[in-house]
Structures are given as C-alpha cells and as structure tokens.
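There are two complexes below, and they share subunit A, which is joined by subunit B in the first and by subunit C in the second.
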Partner chain A sequence: MKRALAAIVVLAVLAFPLVFARPFPRHVMIMIFLYGALATAWNVLAGYCGQISLGHAVYFGIGAYTSTLLIREAALTPWLGMPAGAALAVLVSQVIGYPVFRLRGHYFAIATIGVGEIVQTLFINWDWAGGARGLFVPIKRPDSLLNLQFHESKAVYYYIALGLLALALGVTHWLERSRRGYVFRAIREDQDAAASVGVHVAREKHVAIAVSAALTALGGTFWAQYVLFIDPESVFPLSLSILISLVAVLGGVGSLWGPVLGAAILVPLSEGTRVLLGGTGKALDLVIYGALIMLIAVFQPSGVIGLARRFRRDRRQATGAAQASSA
Partner chain B sequence: MGFVYALVAAGLSLIFGLMELVNFAHGEFLMIAMYVAFFGWSLGGIDPVLGAPLGAVALAALGWATYHGVIRHILSGPMLAQIFATFGLAVFLRNMAHFVWGVDFRTVQDPWLSGRVSLGGVFVGLPQISASVAAFGAFLALYLFLSRTETGLALTATAQDRQAASLMGIDTERMFALGWAIGGACVGVAGALVAMFFYIYPDVGGTFALLAYVTVALGGFGNVPGTLAAGVVVGLVEALAGLLIPPAFKYSVVFLLYLAVVLWRPQGLFGRF
Partner chain C sequence: MSLLTVSGLTKRFGGVVANRDISFTVRPGELVGVIGPNGAGKSTLFDVITGFARPDSGTVHVDGHDVTRLRPDQICRLGVARTFQKLRPFHGMTTLENVMIGAFGRTNDVNAARRAAWEALERVGLGDRADAHARGLSTGQRKRLELARALATGPRLLLLDEVTGGVDPGAIPGLIALVRELHARGLALVVIEHNMGVIMDIAQRVVALQLGEVIADAPPADIMRDQRVIDAYLGEAWRV
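Presenting the complex of A and B:
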C-alpha cells in the first residue's frame, strides 16, 4: 500500500512536464525542487548536526560564481563547473568552520550571519568577478545539454532540478541510517556528552558542513544556468540564507522529507502571491511567510511533518482503541 | 554612533541575559521606532528629540505584546523554535512596513537640532552629537535602574537564576514581560534619536540589527555595561575602518573583529559564561 503510493507519486512527478507544457507550472515545480534540495542540504548541518547556520547563501553563491566564471574564462561546461563549485564550497566551508564551530547556539548563528555579510561585501567589490553589476552567463544557441542552457523549454531544467533534489535526499537518507548520522544526532542533542564517549566533535562538524556546502553549491550552479544572470544581491544575500532555513523549519527539521514538504508549501505560496500581487511592491507574501513561521515555531516546533506525524499517531491510537473495544 | 549602537544593543542584551533568547526582530523594532518618531514629527509636529519618550512608550508596548503573544509560548521550546519565532516576527514586521508604509525613503526635515559643531577642529553633525549624548544618558538611566532600584535588582536576580528568584518571591513571569518592555523602550529611544539623521525605510533595521548582534556578542550576552563598552568599540572600529580602507568594507571589518574576538574569547570581551 505504502509502496504503491510512493510509486504513484514518483510516476506523477516524472510525468508532470508531459502533462503541463506551459512554463509557469514547470517553473513552480523547478523552484520547489531547487529550494527542497537547498533546504535538505541545510538540514544535514542544522537538522542532524544541530548547527544552525544562517550563512548558507555563501555556498550557493560560490557554486553560482565558480561555474559562471569557468565558462567565461575557460569555456568549461557547467557540468564540470558544478563539481568545481562544490569542491570550492567545501574548501571555503572548512575555512569558515574553523572559527565558527568553536561557538555554540546563538553565537554560532550570529557568526555565520557575519561571515555571509563579509563574503557578500567582498563579491560586491570584486571587479574581476563582475562586482555589484553581476555576471551574465554567455548565451549559447541552440539548446544543448552540454552547455546546460535551454531557451525553448523548461523540461530539461525540470529533470535536472529533480535530480539535484534526489541526490540531496539520497545523501540524507544514507546519512540517516549510517553510523555518522547517529554521531551527528548525538552532537545535536548534547555536544559534551558526545565528546565524552569519544566522538571527535570538531571533525564531525566539519564533515557535516562539507556535505551541506557541496550540495548547496550544486544548487547555486543550477540557479546560474537557469536564470543566466547572477549578482551578489541575488546569490549572496542574508535573506536567501534565511529563506533556505525557513523552508526546512516550516516543513520539519531533522527529518528526511520535512524540507521538501516545506518547499512544496512555501514556493507555491510565494510564486502564487507574486503573480497575483506582483508589481504592486506590496510584500504580502512575505507578511504571510512571517506569520506562518511564527505560528509554526510557537505551536508546532517540529514543523508540518510533526503535525502529520501527530495526526497519524492519533488516528492509529483511535483505531487501536476501536479494535480493543470491539474485541 | 557607538553610544547609539550600545543603546540598540542594550535591549537585546537585557532580553538575552534574562531568558537566553536572541530577539532577531530587534532591527525591526528599531525600524518601527523610527517610523513612530517620523509620524510623530509629520503628523503631530513633534520633533524627534521630544519624540524619544513617545518611541520608548510605543516600543515598550510592542515588546510587552511580543512577550505575551509569542515569546511566552516558546521559552521552554527548542532553540530552533526560539530563533525562528523571532525571525518570523522580523519578516512579518518588516514586510508589514513594506505593505503599510511602502518602500519610499523618508527623512525628518529640519529637526530642531541641525548643523554641525566643531570639536577640537573636527566637525561633527549636531544631531549625531546630541544623539550620542542622549543615548549615553538613556544608557546610564538603564544602568542605574538595574543596579539601584528594587525592581531592577529583581530583574537582575531573575537573569542570574530564574528558579532562585522565583523562590525569593519574585514574579519571574512579570519580570520577563518587564524585560521585554524595557528592551523595547531602549530601542524606542534609540530609534527616535537615529531618525534625526538617518533615512527611514522598512529595511533600515537590517544593518543596525547586525551591528547590534555583534555588539552584544562582543560585550558578552546579558552583560549591560559590557554592551556599552562593546558599542563604543564597534562605533570606533567602524569609523576608523571607514577612514583607512574603502568605506564599502567597513562593516566587514566589524564582523572580522567579532570573529577574531570570539576565536580568542568565545564568551565575548566581558562575558561571564
């Protein structure tokens, strides 16, 4: 039953572009996949390892800039730029991790905000990398998989974004069951206790941020190829870091499907209100966002997925009680 | 500017010391205080200097309402819920401001205090000077309140040990609400002072809030005099960095300073941990 349901969902997702040929529904789905993947990547560090980073835009931006600059300077295909960006993001994450992982809780969160602001300022003032004006990805026609540019249809972008999400989910799924996943969760629950039973806390945190940064950077490269224009305001802002984490928090932190669920709720909400109210300059969608996040945090800190779990448990208890009484 | 940063940060520090919770909507509180001062001036003809008490009262009410509406429910929750409840509040307030007041930059025209004065050959804007004096005064008042009055001592006691305080007959629930009200009042005064010489727009809180977090973390969370010292340090570093290197980088230097300090002393310069 459960397996059949999963198969139906997978088939529906795969067949979606065949049914919906118009760009807008496809765009919404692509954004869901992208934000789902980014939030899943964030979840590896924050959800499982308990390190609440508010600077993940750094890795997103590095992914976007690395691949784009490699196209400009070396005419390298984004398929190679993508792993290059991920590798660079891992490197940067290790450097950043060295000071910030000494901090805990709120201090850590604030330090990551600070790092994010520094990196954004550096890129705004770095003329070789486009400075504040940003970079255009050189347009290449006709559409080709090699150049990762498609001007005629969004279908291929759709499947690539889906692939990114599947990759992020696969890594998380593997992590959830591996020894390392248990170690991460031990650090989240009590870092001192974990250290006392022989966990190398600093090393494990560096592993967590490396995985998280690499996955985030892949999303950055995809974004650059999708919109074909990047600038520090769009790929490095604090608001992006916060948005990534909000998606995960809304859906449910520290669970496999939570971030995807969060993206599936927030992205249509944001795209929908943008279309309905767009151009008025009234940020009503963000007002709703803010209120929603507050409500979730106050009433259901484990996110929407916690709500679903509670509902299922209640129902199971109800049916269990009914069976007991009939017997 | 250092004293103003310190005053903005003082409210944050007070709230953190009281309940180990960072108010990520603090910058938005400041933004609202600036709007209060602005509308006091444009609608009521009240100069921002006189509007400071107005801002203090309005923001104290907002702080009190925030505590009872949101914070009370998440005190015992996980840290993640605490962070995101106040983040949600920040997003909500900021975009409400977008929605209600629009994105236009507003300024207070011709405040009573304008022009500049010469201090030993250095020209400084009169609004800036009077803002820092007033901020220092407000800070002093806060410090005296905390250390000299019975209520202030009760507040400090609650910050040090919640359970012991409640055993001594202190209504900690009331103290928390009071802490939020005072934190709001600090930022209310600061907002009115800043409104004299700064543009007022919905996103204005961002920069100030970031600096306030750095200030608080630098001074040690919950340490009010430490916050004052750290505020002055941040203000000086910002001004000096603006002189010595391209001004675009001046905030980066402040953040770098913060990272350097926490590497050496994770609890901040004057933190007690």
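Presenting the complex of A and C:
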C-alpha cells in the first residue's frame, strides 16, 4: 500500500513535464525541487545536528559564483564548476565553523548572520568577481547538456533539479541511519552529555556543516545556470538564508521529508502571489509565510510533517479502538 | 599503580576557589566516596577530572596518562565515564538510542552499537523501556539510563554525581544494589553522595571536602570519628 503510493508519486513527478508543457507549472516544480534541496541540506546541520545557521546563502552564492567564474575565465563546463563550487564551499564552511562553532544556540545563529553579511559585502566590493553589478553567464546556443543551458524548454532543468533533490535526500537518508545520524542528534540534544560519552563534538559539527555546505553549493550552481545572471543581491542575501530555514521549519526539521513538504507548500504560495498580485502584492507572500510560521510554531512545533504523523497516529488509535469494541 | 591520580588540583572561578590543592588516588576496582557540604567543590572536581573545566594548576593522570589538558571525549576514550548531578539524557531520543551514543565510542557499526546498548540496558534493569523516550522516564529510571549510557562506553573508572539525589526513596535500594554490583564486577567508582548511610555502607574509602579542600581521606569508620568532618558536615548525631 505504502510502496504503491510511493511508486505513484515517483511516476507522477517523473511524468509531470510530459503532461505540463507550459513553462510556468514546470518553473514552480523546479523551484520546489531547488528549495526542497536547499532546505534538506540546511536540515543536515540545523535539523539533525541542532546548529541553526542563518548564513547558508554564503554556500549557495559560492556555488553560483565558482561555476560562473570558471565558465567566464576558463570556459569550463558547469558540470565541473558544480563540484568545484561544492569543494570551495566545504573549505569555506570549515574556516567559518572554526570560530562560530564555539558559540551555542542563539549566539551561533547571530554569528552566522554576521558572517553572511561579511561575505555579501566582500562580493559587492570584489571587482574581479563582477562587484555589485554581478555576472552574466555567457549565453551558449544551441541548447546543450554540456553547457547546462536550455533556452527552448525547461524540461531538462526540471530533471536536473529533481536529481539535486534526490541527491540531498539520499545523503540525508544515509546519514540518518549511520553512526553520524545518531551522534548528530545527540549533539542537538545536549552536546556536553555527548562529549562525556566520547563524542568529539567539534569534529562532528565540522562534518555536518561540510555536508550541508556542499549540497547547498550544488543548488547555487544550478540557480546560476537557470537564471544565467547572478549578483551579490540575489545569491548572498540574508533573506535567502532565512527563507531556506523557514522552508525547513515549516515542513518539519530533523525529519527526512519535512523540508520537501515545506517547499511544496511555500514555493507555490510565493510563486502564486507573485503571479496573481504582481508588483502590487510585493511581499504579501512573506506576510502569509509569517502567519503560517507563527501558526506552526504555536500549534505544531515539529512542522507540517508532525501534523501528518499525528493524524496517522490518531487514525491508528481510532481503528485500534474500533477493533477492540467490535471484539 | 593507581588508576586515577589527582595531584595539587586548584580551580578558581574569579575570586572563588572551588578546588584548592586537591590530591587523592583511586586504585583499580576501588570504590571511593566523596562527601562534603553544598559548595564544597565536589562537582567541580568531577568537571576538572573529566575535562569539562580546566584547572588553574595541578594534574590529573589516568593510568599513567596525563589527561589534564585533554577534552572530555578523549578522557572518556581512556576509560573514564561520568554521570551528571543534574540529569542530562538526550530527551528527544529513545532510551536505546541514548545508550547507543555511549556505545559508538567503541564501534562505528550501528548494529553492534545497538547490541552493546541492549546489554547495558539489561545490566541496569531498563531493558523493558528501550523504546521509551527519555523524557517519559521517572527520575530513578533516568539515573539508570545515564548509568547505562556511561557503561556503554566501556569504562574502567566511573564517576557518579549523586546516585540517589532526587530519587523516590523506594527506588534508592535498587540503585545502590546496582552500584554494588558494578563494583563487584571490578569497576572502579568515585561516588558523590549526600546520603551518609549509603556512602558509609558501600565506600571503601571516603574523601571529605570542605570549601574546596580535602579535610579527610580515610576508610568510612575513621571518617565518622574525624572531628573536622563532624564539625564541617556530619554533625554530632553521627558521632559513634
């Protein structure tokens, strides 16, 4: 039953571009996959390991800038720029992690905001990287997989974004069942208690942020190839860091599917209000986000996925009670 | 050779001297009690030994290794485990998962850790609560959980900060029996305890602290007659 349902969902997702040929529905799905992947990456560090980062745009931007600069300066395919960006993001995450992991809780979150602002300011002032004007990804025609550019149809972008999401979920699933998954959760619950039973807390946090940063950077490269223009305002803003965390929190942190669920709710909302209200409704989606987040925080802190779990539990108890009374 | 050697340990917090020139040893398989009034520096002493606090001077050796500057996880891997006075289970995890974290110090394999955790839970009598969430346990059960988590690391020396503190009186004899059993199996223990009946009963030697200093280090029978310990902590009622 559960397997059949999963198979239907997978088939529906795979067949979606064949049924919907127009750009907009495909675009919405691509954004769901991208934000789902980014929130899943964030979830590794924040949801499982408990380190609430509000600076993940740093890794997203590094992914976008690395591949774009490599295309412009070395004519390198983004397929190589993508892992290069991920590697650089890992390196930067280790440097950032060294001082900020000494801080706990709110102080850690605040420090990550500060680091994010510093990196954005650097890129605004770095003329070799386009400065505040940003960078265009050189247009290459005709469409080709090698150049990761598609001007005629969004279908290939769709499957690449889906692949990114699948990769992020796969990594998370694997982590969840390995030693690291348990140890990350122990650090989230009480890092001193974890240290007292032999957990090298600092090292584990560094592993968590490395995985998280690498996956986030992949999304950054994809974004650059999707919109073909990047600037510090669009890939390094605090608002992006916050949005990534909102998606995960709304869906449910510390669970495999929560962040995807959050993206599936928030992205259509954002794209929908943008289309329906245009310029007049600017930021209305943020008002709705805010209201949703408050409702979730008050009534279901474990996120929408917690609601689903509760519903399932209630139903199981109800059927159990029904069986007991009929017996 | 002694398993734990503390020599000349001093720890200051600003102007307060929590531990002043503390020296004592624990031999393999020994059960040592630590007593003293509130604020005498007992928990600070545990924090310094296990690497949670850096001493201002003095050294701690475990089995000949100088561990004074090591991190808590490194000291744990050398065979020293501890519990906390204020219980610190991983609330959002099940009892079994809590203990698995301890077992991961010895193995990276999830199934092996699960088996080791089961064994530790059975040993402390929590086998039937393996799937319960830590937040759903009683205080006595949480004490057992912390014991199991520490035992799963495979320690040679276990530091217990208040085994019976805050526990329902009915659950105390069971906990004491458990500590005795661990000791009987050859584990060395240092036990902070306020219940004098308990400590005088189980300890082979008692270290008494007052205002951060060791005022006595002797077998229980002698401790009970020590005038300084009586004045500082026990009171006249304990005079034999």
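FYI, the second predicted complex is superposed on the first by the 325 of 327 C-alpha atoms of A that agree within 3 Å, B and C clash if a C-alpha of one lies under 4 Å from a C-alpha of the other, contacts with A are read in each partner's own complex, and residues count from 1 in each chain.
Basically, contacts are C-beta pairs under 8 Å (C-beta built on N, C-alpha and C of every residue); 3 or more make two chains touch, one makes a residue touch a chain.
As the structure is a computational prediction, the values presented were derived from the model and not from experiment.
Enquirer: Of the two partner chains, subunit B (first) and subunit C (second), which one does A:L169 touch, if any: first, second, both, or neither?
Expert: Neither partner.
Enquirer: Between subunit B (first) and subunit C (second), which does A:V249 come into contact with in this model arrangement: first, second, both, or neither?
Expert: So A:V249 only meets subunit B here.
Enquirer: Now for A:I118: first (subunit B), second (subunit C), both, or neither, which partner does it touch?
Expert: first
Enquirer: Of the two partner chains, subunit B (first) and subunit C (second), which one does A:A186 touch, if any: first, second, both, or neither?
Expert: Only subunit C is touched by A:A186; subunit B is not.
Enquirer: For A:R177 in the superposed arrangement: first (subunit B), second (subunit C), both or neither?
Expert: Only subunit C; A:R177 stays clear of subunit B.
Enquirer: Please name the chain, subunit B or subunit C, that touches the greater number of residues in subunit A.
Expert: Answer, by number of touched residues of subunit A: B.
Enquirer: Thinking of the overlay built on chain A, is A:V201 touched by subunit B (first), by subunit C (second), by both, or by neither?
Expert: In the superposed model, A:V201 contacts subunit C only, not subunit B.
Enquirer: Let me check the overlay on chain A: which residues of subunit A are in contact with subunit B and also with subunit C?
Expert: none
Enquirer: Over in the complex, which subunit A residues touch subunit B? Could you list them?
Expert: Those residues of subunit A that touch subunit B are 46, 52, 99-100, 102-107, 109-111, 113-115, 117-118, 121-122, 124-125, 238, 242, 245-246, 249, 253, 281-284, 286-287, 289-299, 301.
Enquirer: Along subunit A, where are the residues that touch subunit C in the complex?
Expert: Against subunit C, subunit A makes touches at 177-179, 182-183, 185-186, 188-190, 192-201.
Enquirer: In the complex, go through subunit B and note every residue touching subunit A.
Expert: Listed in rising order, the residues of subunit B that touch subunit A are 16, 20, 22, 70, 73-74, 77-85, 87-96, 98-99, 102-103, 206, 210, 213-214, 217, 221, 246, 248-249, 251-252, 255-256, 258-259, 262-263, 266.
Enquirer: In their shared complex, at which residues does subunit C touch subunit A?
Expert: Those residues of subunit C that touch subunit A are 50, 52, 71-73, 76-77, 81-82, 84, 88-93, 97-98, 100-102, 104-105, 108-110, 113, 149-150, 152-153.
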